[in-house]
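Letters A, B, C and D mark the chains as written, and numbering starts fresh at 1 in each.
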Amino acid sequence: MATATKFVTSEDHARDVPEAVVVRFAGDSGDGMQLTGSQFTLSTALAGNDLATFPDFPAEIRAPQGTTFGVSAFQINFGSATIDTAGDEPDVLIAMNPAALKTNVDALKLGGLIIVDEGEFGARNFAKAGYEQNPLEDGSLAKWQVVPFNISQLTLDAVKPFGLGNKEALRCKNMWTLGLALWMFDRPRKPVEDWLKAKFAKAPQLAEANIVALNAGHAFGETAEIGSPLKQHHVDPAPAEPGLYRTVTGAEAISLGLVAGAQLAGLPMFFGGYPITPASAILHHLARYKEFGVVTFQAEDEIAAIGAAIGASFAGSLGVTSSSGPGIALKTEAMGLAIMTELPLVIVNSQRGGPSTGLPTKTEQSDLYQAVYGRNGDAPMPVIAARSPADAFDCAIEACRIAVQYMTPVMLLTDGYIANAAEPWKVPDTTTFERFDVAFHDAPLGEGEAVNPYARDDKLKRVWIKPGTAGLMHRIGGIEKNVGTGHIDYDPANHQAMTDIRADKVLGVANSIPPQGLEQGEAGAALAVVGWGSTYGPIAQAVRRARARGLDVAHVHIRHIWPLPTNLGELLRGFGKVIVPEMNNGQLKTLLRDQYLVDCRPLTKVSGQPFKIREIETAIDEALA
Amino acid sequence: MATATKFVTSEDHARDVPEAVVVRFAGDSGDGMQLTGSQFTLSTALAGNDLATFPDFPAEIRAPQGTTFGVSAFQINFGSATIDTAGDEPDVLIAMNPAALKTNVDALKLGGLIIVDEGEFGARNFAKAGYEQNPLEDGSLAKWQVVPFNISQLTLDAVKPFGLGNKEALRCKNMWTLGLALWMFDRPRKPVEDWLKAKFAKAPQLAEANIVALNAGHAFGETAEIGSPLKQHHVDPAPAEPGLYRTVTGAEAISLGLVAGAQLAGLPMFFGGYPITPASAILHHLARYKEFGVVTFQAEDEIAAIGAAIGASFAGSLGVTSSSGPGIALKTEAMGLAIMTELPLVIVNSQRGGPSTGLPTKTEQSDLYQAVYGRNGDAPMPVIAARSPADAFDCAIEACRIAVQYMTPVMLLTDGYIANAAEPWKVPDTTTFERFDVAFHDAPLGEGEAVNPYARDDKLKRVWIKPGTAGLMHRIGGIEKNVGTGHIDYDPANHQAMTDIRADKVLGVANSIPPQGLEQGEAGAALAVVGWGSTYGPIAQAVRRARARGLDVAHVHIRHIWPLPTNLGELLRGFGKVIVPEMNNGQLKTLLRDQYLVDCRPLTKVSGQPFKIREIETAIDEALA
Amino acid sequence: MTEMVKLTAKDFATDQEVRWCPGCGDYAVLKAVQRTLPEIGVDPSKTVFISGIGCSSRFPYYMETYGFHTIHGRAPTIATGVKLANPELDVWIITGDGDALSIGGNHTMHVLRRNLDCQILLFNNEIYGLTKGQYSPTSRVGTRSPSTPFGSVDRPVSPSAFALGSGARFVARGIDVHKNLPAVLKAAHAHRGASFVEIYQNCIVYNDDVFAPFTAKENAGNQLWLEAGQPMLFASGTKGITLDRERLCLKIVDVIDGDWQGAEVIVHEPHNRGVAHMLVEMPVGQGWPVALGVLYEDPAPTFESAIIEQNRALSEGKPADLQALVSKGQTWEVAKEPREI
Amino acid sequence: MTEMVKLTAKDFATDQEVRWCPGCGDYAVLKAVQRTLPEIGVDPSKTVFISGIGCSSRFPYYMETYGFHTIHGRAPTIATGVKLANPELDVWIITGDGDALSIGGNHTMHVLRRNLDCQILLFNNEIYGLTKGQYSPTSRVGTRSPSTPFGSVDRPVSPSAFALGSGARFVARGIDVHKNLPAVLKAAHAHRGASFVEIYQNCIVYNDDVFAPFTAKENAGNQLWLEAGQPMLFASGTKGITLDRERLCLKIVDVIDGDWQGAEVIVHEPHNRGVAHMLVEMPVGQGWPVALGVLYEDPAPTFESAIIEQNRALSEGKPADLQALVSKGQTWEVAKEPREI
């Protein structure tokens, strides 16, 4: 994460003064666990802990109540030291019904704490969850510490004064639970209360009921005479650079970064999108930023979305489009047009589980091939990848910079994990950002001179002439263009020349990016773990732990997927071994082996879930064994 | 080509009894040069020569007469020895107007013969072609032998008796020219006459006029007193296995192969297509094969075309779809659906110059990345590539075999060159072909048994249950399926298992294909030239020539692009050096380097034109220098 | 299915748990379909439900027939392939307003103009349910949604008007929870060719009660149920539709004492295309009722039958002789003893 | 363009050689457009021609304005982006029957329903010209083409009917070589919103004379040129269109001695949508004329103006303060001296 300053090992310490805790809230889709989680996150951030979250919800809007496939979960890892992942194994599981218990308990740390809502533990719900008997009673949870309360009843009792219907009253359960959780970790309730008041501004009675439930949960923790498992923990703030902080999800950060990028380019932004999980949130955020000259357009499909973005770029805006796998696939043909017409364009791909419809709400990194190679013709395009929610902000700006400085479409890869996860973010001082203002070409023609839309600078960038500019009328299109005039040209030598220019221009982007650095460890280490995108967290922690154990391992994390940093080949060749963990079947690995002939070994995971730190640590051990 | 039996070097011999001749017909789009070329090809084939052709026409339907971009050309290389390419440099150029001369003369061999239609060499046509003065008179053609006749006038004179309008009469020019060409190479006119009679069955007068023009051209050669450059050559027949022969273009061969493949599978075929150059011809051919149970469907777009093909496969037909680059791009999302639902499907990609609309009528091999890597998610799919028109027949059958034997979409790569080029083809005895009949699953369910559409055999192929089968109702779709039941399943471990199965199933195809062989040379040679697709011809000739010069070079030509033959890695590691010529920026090269970590060096050409033999020979020399 | 036993709605239900939000209108449509199919007497093993992507498109998983849950907007293309491959199959397309009219509009048009024999059930909830509530091409101007937080500005398309403009030969409308839905489904099934059925479906989570102005009990008077040969009456027969012969457009008239003839109320002729256009375009809400039931029906030859017939006619008497096919065109023999040079 | 000089057709021609087949109807349309623009007085540097792929879509290369030759079927999407990015630009979409109605049908529908301010010229030659003559979605049943060697079987779509069904607010028709084309183009340009113009264009190579039944000189009597406020007369005024008040559909009547009132011939009111539907669906050929000119016009707010207006209203008084934006939400300060553990 962005605020890391000092290295402190976590989770491996004794538990008395915990330095990192992993809590997982799980309930029915209708139980509001995502809200509970995000409010808990906010209070955690305000308490100064470092943190990472992992929302994990079903594809269904609302699956039938009580079923295992309807379970929605939210995991948070927070601590007084640097936190890079949402945590391998929860210390605490709060399960609102049997299905939530069933689907989540196996991940729980040995001896971990389970809090369940006893009120939901009845025969009907056992059947729906596929339990033959009451798990609270059959000894099957013996490895863990179980604390059952009747949260449903306690909530109903608490909000009775408001005279809500049964269903509405039970909706406050999540606030009761949050109240208890806030007590457990010694957190103020005020921010949640404020948030509830704002949220239910039009129904102050509901705000009050929820606040009462929240306080009741908190009070229950304070007063209830429960045995040792449930006790209050205080987690100290994590060291952090001074400054203003907020939490940010990847989708938010990308949206903000795009706005910033357009501002730094001095351009209005046009965003063409079509809803798709997990990309939609970017459209939703941007739809609110009208005052930044952002026009959002919900198109009829992904093709129209990118088509409109290309049209907007042609007209002088910064065109942006976004989708996830299936939608990106549909945009393929139009990307070729943007490459051929050399128009700036940012394409955000929020990767999800594939192929096809796949696992829409799960995370994966399996669109790298598509991003780098997935077009007809020799169609080079820069690709960059964000490693975390906060990093997504910088990457979005970088994508905008490359797009306008090289007149090219750029793909920005993120994924379902980054899009939904939240982390603390030190608010940057945007006034210090380097601008990359666009200078449209508008110089009047000289005597006898013809307009040449494919005239280039020494970076091979072509001129950008806005329609509406007096006297510079010209035509562009998807057919091959003459290298000297921009007119249609089918000549063999010309096609070769233009193919080379397109390739060289994109390769040239490497001259504008920093050399590849090391996250941890030294060049020439016995082993390098090379990652990209959202595997950053688990790789960083795993390498940290391995190094703490004295292993000679380095961590290389690649932002610029294409073109790759110019020093990368040399760097990779220097390591004893290289492993490449990816949430796919080995895609970056292909790129690296092709480019550098280095024996990069894939470590793959395609389950829709992020890597666990342990999985990578094990791979490190095996590689160095 | 398919009939090669003995190796004889060509073109490098003395010219008196030529063993290979390259002739190029070039004229205005309206001049009918493609017809002239294809009839000349037929007569050449009937004369027993081996041959290869290269039609090269403009993207415009009919560009304005006389312009350089309206020039349509047809090149044929024929000889008494094995012919693998359409020839690097024509020996003879027949140019019907100044523009045709201008655009084609530079390729002509030093000292080659130029025949021009003087009747078209007037000021207006010079201007249109961009000549400042008459090239026949300004000495600019001194390197070659120029023979001008007034073909226009000679044709008009010949067909005068038919009282045709001037425009119609001039349309017979191409037959006059063909007549002359037939005389030059000592060919019978009968087949052309027959063809003309059939073509103009409804206008016998036009048939007669054309025949008269044909004869006039022939007679002109016989009787005209022209100096030495124009003399009759006889090219002996090429050695060939005995049997029945015909000429075939790639598009025809693929169509025939698909019909054969469906027949061998015992299935009706459904073909969904949408017109696009150079893929349309496959749709056109298949639309005529109704009696083979072929249903062709011209869809509203490429997505509908593949969608319908997937639907037809679901319903129990062999679904086939076809397009070229931009259309294949549009099919990407649906390919993912076919991969996920594990339905058989053949996708033919007739590659053309890209990216985007690119050079629609030119050839290229730049969709290999797209074929192998270009999808969202980990979406493995077998890919095979045809090397020549005749080979395309076998490849189409092979694609059908893999599709039904593994329940998978398969991509068959061909290109504009193969699609349009013709070569002699020894008609195979189809009764000897190995069948691969499909056995639909229709066994009634046992007591308490549930239908499982994802039940697999030991090749990992899932069952194919035709809708309409009593009692086996089931549902499939693009969401991840449970490995054991086929129901929707988002479970992490299940997704990993299914991802592995999809990958392993496709990798397993390698067990059903022959090991990679050598076209020429030995394993362990100092240099291997590794190719795929239509570069076969120039690589084969170049390697032949190099070996004739004593160089230790081998030729490996890969049909199975994915999965690669199991022995390929070992084979490649054995060579001293490896070069990979491709009509793209190095795409197969990526695959080979990734898979085998062998230092395969790219030799790239992206000009819309096939490699010249010389270009590859030079690269061989450089590699071995 | 050797012995034909009388099936019931239950026989058309799968063992899969239904995964829509409680209270979603989709349940009612599912029930109606499961009840109607056995009444029509269809064979589940010859029936195929094909859908795109959306909440509604989950439908096939719940039907104990063959089913294909495809990709967003493409169900008509897959259905076309299924039907051309096996015209004996009874094909139902299940789609939503986003699926059929946003991403899939083109295929919807083409399946209609080609007149593929199938039933198309368009679940119109005027919202994207599955992706959590963004406005759709049928959402009214001003719809606030996550992607239009300040209200949508684009004019919606009318599904039924679009279907007619695309050349549909059968256009009907129903309401998820209305008792007439099975009758509409039966009429759609009975029609040979593409039957387009727009079903007003309530999305309780993201667009609750958007159709209440005519679906709510108290607003039932705004429903104009059309029946062939019957006058176009609504509001319990107190109002009717007539043609304004001056302005050449429809007009609402009061019907006094049931004298609809006197009020010149039009009699519904389902094959009248011109009137159908006017019916689907009535500006609902502003005093106008919603036309429901079978708005238009005028059969034409179906696509698959024309294709099959052409293929049959052309292949009649021609054996599928592969060897003859590959040997076609101008051929030549190379003699047994190859000539060497 | 500081000084506005009167431009001529020549000023709108580029230096690129026109690459259509000799005799192609596209030439006539190009001429008409090049002649009309200076008459309207447009500024070439504020004019953008956007096309898809097809013979007709080469059009922008020949117009000395801004131009974008995009990809097959997607011109409306690119036009939408152009217009939303800069509403000052005067946008023309050039498309063919395949481009607009085969692959691009969905975008055609959406640009019409959204009512983007632009002119859409659909060159309908009922064939795919560029790909060498396959039948198109507007080809008549029985069309023999390379892909349908035995005749097509699918029912064509009517471009103008489709446009109306999609919610178009301006629908007109013209003929490539007809002298009225400039007037139609001017009307289209004058209309604010999406103006849909179907131009019957002769493809001399692949579909020659397919429109001759009404375009040939001797068949000019089959042209019904509509004009607002004028009776619907054709065949030199000897015939007219009226409404069959019994059957509620259009009917042809003979007009004796010019007494069209007596024959009850309808007066053309371009905003009458119901009549427009009937006009575009007249079964041309079977004695019926082809409706030409402006068939329907009834302006509505345009998409880009609504978007721009909403954005303007919402950003009024709000500065584009990037620092404030990134600092939004619930924030906290970490003190100067970081706490170490």
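Keep in mind that, in the parts below, a residue touches a chain if its C-beta (ideal position, glycine included) is under 8 Å from a C-beta of that chain, and two chains touch if they have at least 3 such contacts.
Keep in mind it's a predicted model, so treat the numbers as computed, not measured.
Applying the document's contact definition, name the chain pair with more C-beta pairs in contact, B-D or B-C.
B-C
Tell me, please, which chain's centre (mean of its C-alpha atoms) is farthest from the centre of subunit C?
Relative to subunit C, the chain whose C-alpha centre sits farthest away is B.
Which integer distance in Å separates the CA centroid of subunit A from that of subunit C?
Going by mean C-alpha positions, subunit A sits 39 Å from subunit C.
Cα centroid separation between subunit A and subunit B, in whole Å?
Here the centre of subunit B sits 45 Å away from the centre of subunit A.
Would you please write down the residue numbers of subunit A that are in contact with two or more other chains?
69, 290, 300-301, 326, 333, 336-337, 341, 356-357, 477-479, in rising order.
Which positions in subunit D touch two or more other chains at once?
Residue numbers touching two or more other chains: 53, 71, 103, 105-106, 109-110, 137, 150, 307, 310, 314.
Show me the residue ranges of subunit B that touch subunit A in the complex, using the header's touch definition.
So the residues of subunit B touching subunit A come out as 58-59, 69, 324-326, 328-330, 332-333, 336-337, 339-341, 351, 353-362, 364, 366-367, 369-370, 372-379, 477-480, 490, 492-493, 495-496, 499-500, 502-503, 584-585, 589-590, 593-594, 597, 599, 605-609.
Tell me, which parts of subunit B touch subunit C in their complex?
Within the complex, subunit B touches subunit C at residues 5-6, 8, 19, 42, 45-46, 48, 80-81, 191, 195, 236-247, 256, 259-260, 263, 268, 270, 272, 289-293, 295, 297, 299-301, 303-317, 319, 333-334, 336-337, 341, 393, 426-431, 450, 466-479, 487-488.
Could you pull out which subunit C residues touch subunit D in their complex?
103-106, 109-110, 113-115, 137, 150-151, 153-158, 161-167, 243, 245, 247-250, 266, 269, 272-275, 277-278, 281, 300, 303, 306-307, 310, 314
Once bound in the complex, which stretches of subunit A touch subunit C?
60-65, 67, 69-70, 273-277, 280, 283-284, 287-288, 290, 296, 298, 300-302, 326, 356-357
Within the complex, which stretch of subunit C touches subunit A?
The touching residues are 17-22, 53, 55, 71-73, 102-103, 105, 128-132, 134-135, 137, 146-150, 205.
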